[in-house]
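Both complexes shown next keep chain A, but they swap its partner, so chain B is in the first and chain C is in the second.
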Partner chain A sequence: MRRNLFANSVIATRLAAFLILLAIMAPLMAKAADKQSFNNWEEVVEAARGGTVNWFMWGGADNINEYVSGYIGSELKDRYDITLKRVGINDTAEAVNIVIGEKQAGVDDAGSVDLIWINGGNFRTMKQGDLLFCGYHSLLPNNKLVNWQDPSIAHDFGLPVDECEVPWNRAQFAFAYDSARTENPPKSIAELIDWVKENPGEFTYPASTDFNGSVFIRHVFYHAAGGPEALLGDFDQEKFDAIAPKAWAILNEMEPYLWREGETYPNAIASLAQLFANREVALYFDYDPAIFGINVENGIFPETTRSYGLQDGTIGNTNYVAIPYNSPNKAATMVAANYLLSFDAQYEKAKSDVWGAAPAIDVSKLDDDAAARFAALPRHPAVIAPEVLAQKSLPELHPDWISAIEKGWQENVGN
Partner chain B sequence: MLSPALLIVCGLFIGGLALGFVGSLGYMPLIGQETFNLDAYRQILLSERFLLSFLLTFHIAFTSTVIASLLALGAALILRQSFLGRSVINFLFQINLTVPHLVGAVGILYLFSQSGVFARLAYEFSLISKPSEFPAMIFDPLAIGIIMQYVWKEIPFIGLILLANMQTIGRDYEAVAQSLGASRWQSFRHVLLPLLMPGLLTSGMIVFAFTFGAYEIPALLGQNYPAALPVLAYQAFTDVDLNARPEALAMAMIIALLSAVMIYGYARFTRRYIRK
Partner chain C sequence: MKTRFQGLSGLSWLSLALLISWLILPLIPLALWSVSRSWFFPDILPSSYSLRAWSYVFSTTSEVLPALGQTALIALGATCISVIIGVPAGRALGLYQFRGKAVIEILILAPMIVPGIAVALGLHVVFLKLGLAGSAIGVMIVHLIPTLPYMVLVMSGVFSNYNPAAEAQARSLGASPLQAFYYVTLPAILPGLMIGSLFTFLVSWSQYILTLLIGGGRVVTLPLLLFNFASAGRNDITGAISMIYILPGVLLLLVAARYLTGRNGNLEGMHRI
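And then the complex of A and B:
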């Protein structure tokens, strides 16, 4: 017994010494790995073997979670021996906050976030705080499938991407309605204003704190401004002050005819989906039209759900994945990001029973066979074809514009 | 033996509070702000949004505490009698202690929303012809749904504390009072209630502090404006603009301070009341 105890304490001491050594060495080793720059893709793949990728992403849709954890996870394991850990979050800013916290605490090479599904304002925040790993696009073989000439890909909400993130999906706003219940849904913001007055209580939109509520408000803003052209570029207080009162007037004029007489607005797009599913409101909208088909398949939305874009166009964007500057698994994460861009991954994602998301790669850059497979994908009847929607596409605004519009809505309409 | 607990409290709680306080003063080297100022506090305290949120949060916490305390007192008085099936009722009374708040909130949503179970029943019986005719109890200005959820969840909590109290107090004092000619009401009002008061007020204080600082229920069942204080703070904390962080942290500091002040005031009031 005694001996045993003694032996144990020796082991414990050695273990402690080893751990201390490890604690001292770990940052040095991590630094060394970080400094090591990769000359070519083979080196990256080699360094990635056995690695782990902690991917923080919005976790509110089961089908997307399944695609990432299931399909992408097992492909990365089989092809590259990489373990993918999906971390579901409610708001992308939560992941950004983690990286900010780590930077402030001096954790510069052992961060807990390797990959973030991101765009717009959160990308701006990370660029503003110098929190991103940049300049690796030339390493990724699948980067050649991306059309960087397209300004809506090379710019994320008006901000140059600068090789700091990798495109993943394209999305374009669309409206949905139940064709068995509503015969002629409004096809423009002007029509919507009249329609709301004729159908009191049948329409509402989420508050500006919600991503989708905010983009709906921007459509009204574009309408008030006579098109997005005047709003592009950096934020301009004078222009804002000239247009904003018109937009607030339109929204305030609509307010008494909204659901609950506009006394309150849903907090989240999920609440609007619920209102639409329960027939409390007649119209639904989403930045990702694929959700209409998924909700029909899940039995939440009626079978007769159909969707459409607006005559003047709807706002479209690209969403991306980005690697924080302090990710300790950059090689594995780059391999993951590259795989997300591959034909296989983008094709799987485009299937309407998987996700139905529009590809971020340029299908015309694929070989004929692959392009034909994309074209032959069956589409859910509830989901408007992305090509049709894309014929009238409006650009996103600079994040400063968006912040100003969201704040202005809260002060002038939503109170 | 205390040191692990102390370490966690000091390290995580006080440490977090201190970091939050520094952040609320606008110190954010990340975006090049290295000076301290009170701008965030000034901005918040002068805004109508914050004031309305405070009033709403106070209303939610106060109303649910009072209703839950009264109902729990009544329930405890009944459950202390012996009657047929008491153990079954007692079990049913406690069962929701194990149900998480969030699950309760979803239940309230399914039952009381304008397209919930009760609205559908009302429609079946032709009391209403469309969802919007059902009274709004979720996402409503009076926060009825939120208060219902808290009352439902907190009655057994307060009730159990009261029942335990009653067990220790026993029936002797009341029996003495009644033998000296006190009516049942008088023996309750002047003998049992004062003896129960410390337990009732302490459990009420716990409920109040919890409901004042809780985020998830008002986030799920509350209207968007004014939002409860914790919801408002979280919205600012997840704002994409880094410049909004100091305001979010300042709000969290104010919530912590307000809770502390109210609990302190409450504790002082209680102590005076009990001494009487």
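And then the complex of A and C:
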């Protein structure tokens, strides 16, 4: 619902902006964006000194907020004299809309957003709308720690990154269950279908409007298609029409055995977490397995929570930080993005009591000592090891595929 | 006061009790959530307690306290501007008949009919052009869209029961226009003004989408922080921020209640509204 609202709102903004621009602001010429150019990293660091970085990011996790405002903020201050201002938002589209509005108003060099935590459809919107600052990777010293040969890093939901964003975390979908209650959780989509019928009322998933609900539905879609290979690349209506009915049939067959007989679906992943916490359902899943450990530590999930991937693999993605084209603090923001990629920052973030997020850097590119420290990090028992999960990783789909699947689910299953 | 309470019928007492429980009961789970560590269905009480949510709320990371100040400043500013605009507008609408009055009344009501987001998206571009986007002043001004109708409506109700002849009498006895306003008009409209201001303050206090769009994330108010955690399912932090969030409303209600229940001859106009 919210995504649709924002899609409409983009159109509304454009219309309104167009009319207003015509009416009053026609005589004013938009200033051309002067692309800052730096010859080397030292120049960037020098220009960054005393700067401010307004980082817009989802603000719903206190531990992530602490890591960013506390650890990253104080390190940037001490090392580079940069002030980090974290701006908590509810949906990344909010930050994207601010940049779109600024572009329409001709604010080309004094934007309010310096850095956005982003991926997928929002990245596509910004890249295709020429709303991003690109082509600076060669300046960043820590860029060498990133494995750009890995297609799941070089492509963000099927779209080439093209030096328009910097990887920050890796995430891969996993299931969680309470080992004290459930002995043999289903390890594949096929098993899940049988398991749901044997355990009526014990499973549900959020509607396709939810980020995590949508990725669960994609797993069923991959299962119906016999694997993701047929679905990669640009959207193909014929392929979609061939596979979709099978996927909807599976989900509709499951529906009467879901929580509340499938009359209703949770509207957000937070609701599914609450149902799992209340022991109303036996399974939980999330795109970021670190959340299982965080929820156990927060007392939301039982101590006996354990997690696993599927036999056929689960979908993984990389999430990034991107700099809008009109950021007035590009030097300071590049320094911040570079620091996010550093061993220190990625190591701190990987600690399970800080966040437990899987690193975006390639640990094998680190020196032996640093790699050993990564390997020695204690794991949270509720969180499956990222390297185990990564052995069977499935690619994400092109955003057009994703929106077609989300829409199809609403029309055929969730109605 | 005593005689008034004795005069309350059984039904009045019942509705008073209902009103109080309706106001207080929803707050109990919020307060409990804010100190809970784990609270599972179907337990009536949390199984373990923790002050972690509160320590996060009072930490510098959460920015809850600066946001509290910011929200209060914006709401007070929006209320002051609403009073300055709303009192003369309400007087004109309440006391006088003039050509196009119906049109103006509809225009004033329009922000209550048109969804705020539709207006705000267009306004964002205008505010960017004016350099008001991303500033507390800009947010204060945009809050006038939802707050002004309340103020103008309440004030036009007050003035429709007001007799301006009293002002003329004061003037004929030698009062200056300011004195006449201060000693005659103000006492007569004060209860209505208090109600209008209370509405205005609370409407501004609870704005989310207008603040987000015009403030561009740089003007952080409590509803923005609250929504972050509410939508993330963090009931403990949501509960703690909520407890802070409702404080000004409760305080204002208590202060205003004194004005509204005090026996005052000037209140007579109010009873007819």
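The rule we apply is simple: the second predicted complex is superposed on the first by the 379 of 415 C-alpha atoms of A that agree within 3 Å, B and C clash if a C-alpha of one lies under 4 Å from a C-alpha of the other, contacts with A are read in each partner's own complex, and residues count from 1 in each chain.
To be clear about the criterion, a contact is a pair of C-beta atoms (placed from the backbone, for glycine too) under 8 Å apart; a residue touches a chain by one contact, two chains touch by 3 or more.
The model shown is predicted, which means the values in this text are computed figures rather than measured ones.
Superposition of the two structures on chain A shows chain C clashing with chain B.
In the superposed pair of complexes, A:E348 makes contact with neither chain B nor chain C. By the touch criterion stated above, A:A273 is placed in contact with chain C alone, chain B being left untouched. Contacts of A:E102 after superposition: chain C is touched, whereas chain B is not reached. Of the two partner chains, neither chain B nor chain C is touched by A:E43. When the two structures are aligned on the shared chain, A:N54 is found in touch with chain C, with no touch to chain B. Of the two partner chains placed by the overlay, only chain B lies in contact with A:T209; chain C stays clear of it.
Legend: residue contacts after superposition of the two complexes on their common chain; A:R260 is shown touching chain B, with no touch to chain C. Of the two partner chains placed around the shared chain by superposition, chain B is the only one that A:P399 touches, whereas chain C remains out of contact. By the touch criterion defined above, A:D362 reaches neither chain B nor chain C. Taking chain A as the reference, the larger set of touched residues comes from C, when chain B and chain C are compared. Only one segment of chain C in 45-53, 63-71, 99-107 or 117-125 runs into chain B in the superposed model, and that segment is 117-125. Shared contact residues of chain A with chain B and chain C: 94, 97, 104, 271, 274, 278-280. Residues of chain A that touch chain B in their complex: 91, 93-94, 97, 100, 103-104, 120-122, 124-125, 128-129, 201, 207, 209, 259-260, 263-267, 271, 274-275, 278-280, 399, 403, 410, 414-415.
On chain B, the positions that touch chain A within their shared complex are 29-31, 48-49, 114-115, 130-132, 136, 139-141, 219, 222-227, 235, 237-242. Every residue of chain C that touches chain A in the complex is listed here, in rising order: 36-38, 40-42, 48, 50, 56, 59-62, 117-118, 121-122, 124-126, 128-129, 133-134, 212-213, 216-218, 220, 224-225, 227-229, 231-234, 236-237. Against chain C, the residues of chain A that register as touching in their complex are 5, 9, 12-13, 16-17, 20-21, 24-25, 54, 56, 58-62, 65-66, 69-70, 87-90, 94-95, 97-98, 101-102, 104-107, 112-113, 268-271, 273-274, 277-280, 298-300.
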